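First subunit A sits with subunit B, and in the next complex the same chain sits with subunit C.
== the complex of A and B ==
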């Protein structure tokens, strides 16, 4: 390996990247865009669930019941209807996710004592929202029910019972239960996966397609020099974006950063090596840019998005898939970034993940050095 | 004119189906993505690893704990004896939840005072934490109700039937078992259609420009309209075919019900693909290289998917962003997909979505064709 040849390849790549101004823009804009899209767009803190009510009684008591739903920040009563077809249409059209039906003899039954049932019809086509709606509406109904019971007992001149059990919750690491705190550290991994898959995967394929590969092969440059030379600029871009993302997470989204910067940067460098090498291998094998981009999408971006625990928790996946996730480098990086950001975990607890990343990085760089052989077929 | 268009179509189809790799690009990625998404994408929370610290060790405290052990949502992995153990277990990520009952728990209940259950949650994953907290509250309030009734029964059995009580009779429609595959699979169909049509269209034009064959085509007697038709019709057909293919995978492999009419879905797909052709053409006018086209496509796809309500409901996003989602064609197509698949609704409900997609499609396609014509000069 000769330094001046390597430097020449690096310079060639840098010129190529710099030449179209948009690539440069992409380098800065993409992380920002991804941060904003995921930070604001992915919210698990489900609030303002649109509710439709059908009060078949229309008494003061039934209205009082509904007021408790209106008062909750989790529900937003958007529509009151007075017949079933209108109710069904509201659910069908998706204008509400939850419909409450109060029976026509609500207050009568309530006075007589014993259980009164209020119907909650849920649009469960979105199962997660439906599930959360059930939890929240149960909480509203039970609190109200308990309040009525206490009032009733008081009127009877009976003992005043305190609510028997209270649940005192303490949330650690993400005190306000914000999705952003969970999502934003993960976006760092996604941005790197995108750079690895979308930018590097095309570098060699492009040379083949344009026919400049023959020219490159005819020079004395070695295949190792080509590899390193092509990857170094993207590595620098990747590290720049990592810092940009982290900075944006901390300053814009106010996500706490509790761990060590060194751990964060080392693991980022390892993960970046993994995705860049993988992108390089793909681009050597695929030869056409379209095929390379699709292959990169499937081997790098998709696993980083789906199988890393970024949004969908790994321990809820089927057993086979859970095993497969151990082959996904992004999974380990995702754990590290989250732990470093939110938990402030120190190195000893992260050793396993770091070692796994290092092993992947080593294997893939070895694969990359072997993938590209300088000859014309 | 039709002769020339036919030649152009034949050329495009040959190019798309030419070799094994390009054929793979058409069918491999969508099916792989469909399968991974179908299995990996779930926001269900079950078997949350839990630790229990019961310092009271009374019959009542054991009763409460046993309700958690019996629940499918919690997996009691550790029974602790000292509260200092909690921090360590949570730091290491061995458990996500710790339940703590202090001594005096049963005593408080017996005295009619409020007893407390301490819950410590690792909320670094806010979704898991929120859903699990919902389940904890449900278990706790069930316990409260049972305890209160039993106690009341002991004191004055005659009054018990008169105690007012409201119960929620919950009925999840369209997806009775709250199965997340039923929610995600129709959504993935929309995502894949978007990605396929946009990338294929954009690449088809940009590749010619990059390789330099665009000039060769422009010197033939072909008209611009014919060229544009030749570049869009194949991808319209391929897109439609892909949509049908992955829809079949959804029904046959994942067993997602198909309750509506095929014609409605087909109409929705046609309108949506028209929108995406517009986007693809537009990207091809602003990209000089395939790499640029790929990244621009990604720039469009990512926000379009995140803000479509694919994974998390639009109603919980920030309000300004909610307005922006009206410009997202995928938002409407997802309504159509989920409406047809799960709800079995027809045009009487879905006409606003169809209108919106038609409007967006015509606008996008006209702008793109206009720009495209200029870019050929």
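== the complex of A and C ==
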């Protein structure tokens, strides 16, 4: 490898990137847009479930019960109806997910010491939301029943008996159980995968498309020099983008960053090497910029989105799929970013993931050097 | 004549793409300081040959030595000894003139001690002094070609391969370009050039005529014109042309007859005897003969006589 030639390629690439408005757009605007889109767009929190109520009694007591639903941040009473067909229609039309029906003898039975049944109808076409709605409404109802029981006991002048068992909950790492804290570090990984492979997927294809490759390969430059010379500028840009994305996560989305920057940067450098080399290999094979950029998106974005544990937890996947995730580099980096951001994990506990990334990086850079042959046809 | 090792030695070189034989067992030698022309129509195998000699394509069979190195085995050494200018402009349009020069100087490892001097030399040669900061994409075609030539000779290679270097260039720029080629040859550079322009072929020291991947003739332009075709050449201007052509094709004394512009070129064993015999014959068929006499053989006549194919029609010539 000759430094002269390597330096000349790096310089040339930097000039070309600087002059190409499109690549500047990819470098600066795309990461910000992707961070915003995913940061706000992807949320697993289920709140403000729309509720429709049919109060057949309309007493002060029944209204008091409904107020407890309205007061919860998980429910939002959007509609009150006075017959069944209207209730059914509200569910059919999708204007509510949960419908509550209060019986006509609600307060009467209550005063008699119960039990009173309140009917809940659920739109379970989205089973996840339905499940969550059930547990939230049970929680609301239980809290309210307890309150009623307490009031009744007090009126009787009896002691309040504490339940024998209770759970003392402490949530670690993501104390407020905000899904954003889980998502944003993952988004950083996804944005890096997309930008990294996208940037390099164009470099070789562009030279073929513009006809400049023929002149380049007629010179004594080696495949290794071409690869390193083309990857170095994009590596530096990629690292800047990584810091930009992480910075947005910390200061814009207010996600805690508890780990060491050095750990984050080292693992980012490994992951970037993986995705940049992958983009480069695609670029060598594709020979057209359009085909290359699409292939880069499909091979990095989709697996990083679906199989890295970003959306679907890996330990919940079927065994076969779980095995396949080991072929997705983003899977390992996803673990690292989340751990470094939220848990502040240090290197010893991340060794497995780091080694996996290093192996991917080594294999793909080797493949990239091999893939590019210095001849036509 | 020349006792040195030839710059380029080609023996039985073959290139096949699937079933298509692009280059079919060609052999030739080019010597130091020679302008070696490769003449043939598009698709005849010129570019394929030049690409094999630059190590850009692997030969299917045969050998080629460039500057003493085998193009199949010592590709990288070959590349250090050659300059190459491809048919299609292939410098970076989004780089400035000076940036392109510096990039290729880097590729050829021109040492920084002599870089400034080389840059000055190339700029001067290409007539681009004062336009160093112009984006290459904004240059006229003629200037682009000269810049490409300059970038190909930055490392002062002993052998230069030019693949149709003047296609699409105006006549004055072509003239200028050929002056540069002669200048380089005078300095001892072997220039290997492909062309389909007959007038350019005249500038070469030695020529190889190639047709359908095979060499049909070789020699200096003069040798080719004098010896490649047996017989003498006649020019016939008459009306109607088509009838005359049909008539002459059936005449046993006419070795070859072809349309050149608005006249016919005939190859006959003996010029004066043929004119005396054919003129009355043509008139008898109602053909008006306005001009009929011997003319010197041109390279195009040679090519047509050897292949039955025109390299490029006369009215397409710039």
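Quick note on the criterion: the second predicted complex is superposed on the first by the 346 of 377 C-alpha atoms of A that agree within 3 Å, B and C clash if a C-alpha of one lies under 4 Å from a C-alpha of the other, contacts with A are read in each partner's own complex, and residues count from 1 in each chain.
FYI, contacts are C-beta pairs under 8 Å (C-beta built on N, C-alpha and C of every residue); 3 or more make two chains touch, one makes a residue touch a chain.
Given the structure is predicted, the values throughout are model-derived calculations rather than measurements.
On the superposed subunit A, the two partners subunit B and subunit C both fit, without a clash.
Taking subunit A as the reference, the larger set of touched residues comes from B, when subunit B and subunit C are compared. In the superposed pair of complexes, A:92 makes contact with subunit B only, with no contact to subunit C. Look at A:210: by the touch rule set out above, it reaches both subunit B and subunit C. In the superposed pair of complexes, A:307 makes contact with subunit B only, with no contact to subunit C.
Once the two complexes are overlaid on the shared chain, A:47 sits against subunit B while remaining clear of subunit C.
Looking at the shared chain after the overlay, A:2 reaches subunit C, while subunit B stays out of its contact range.
Looking at the shared chain after the overlay, A:317 reaches subunit B, while subunit C stays out of its contact range. Within the superposed three-chain model, A:174 lies in touch with subunit B and out of touch with subunit C [touch as defined at top]. Fitting both structures onto chain A leaves subunit B and subunit C with a minimum C-alpha separation of 13 Å.
Once the two complexes are overlaid on chain A, the subunit A residues touched by subunit B in the first and by subunit C in the second are 20, 210. Those residues of subunit B lying in contact with subunit A across their complex are 21-22, 24-25, 28-29, 32-33, 36-37, 39-47, 49, 64, 90-93, 109, 112-131, 133-138, 140-141, 143-145, 147-148, 151, 155-156, 159, 161-176, 178-180, 182-183, 199, 203, 207, 210-211, 288-292, 294-295, 298-299, 302-303, 306-307, 311-313, 315-318, 321, 335, 338-339, 342-343, 345, 349. Listing the residues of subunit A that touch subunit C in their complex gives 2, 4-5, 7-9, 11-12, 15-16, 19-20, 210-222, 374-377. For subunit C in complex with subunit A, the touching residues are 17, 51, 54-58, 75-76, 79-80, 82, 84-86, 88-95, 99, 102-109, 148, 151.
Across the complex, subunit A meets subunit B through its residues 20, 22-23, 26, 29-30, 33-34, 37-38, 40-50, 65, 76, 89, 91-94, 97, 110-132, 134-139, 141-142, 144-146, 148-149, 152-153, 156, 158-159, 161-175, 177-179, 181-182, 194, 198-199, 202, 206, 209-210, 286-291, 293-294, 297-298, 302-303, 306-307, 311-313, 315-318, 321, 338-339, 342-343, 345, 349.
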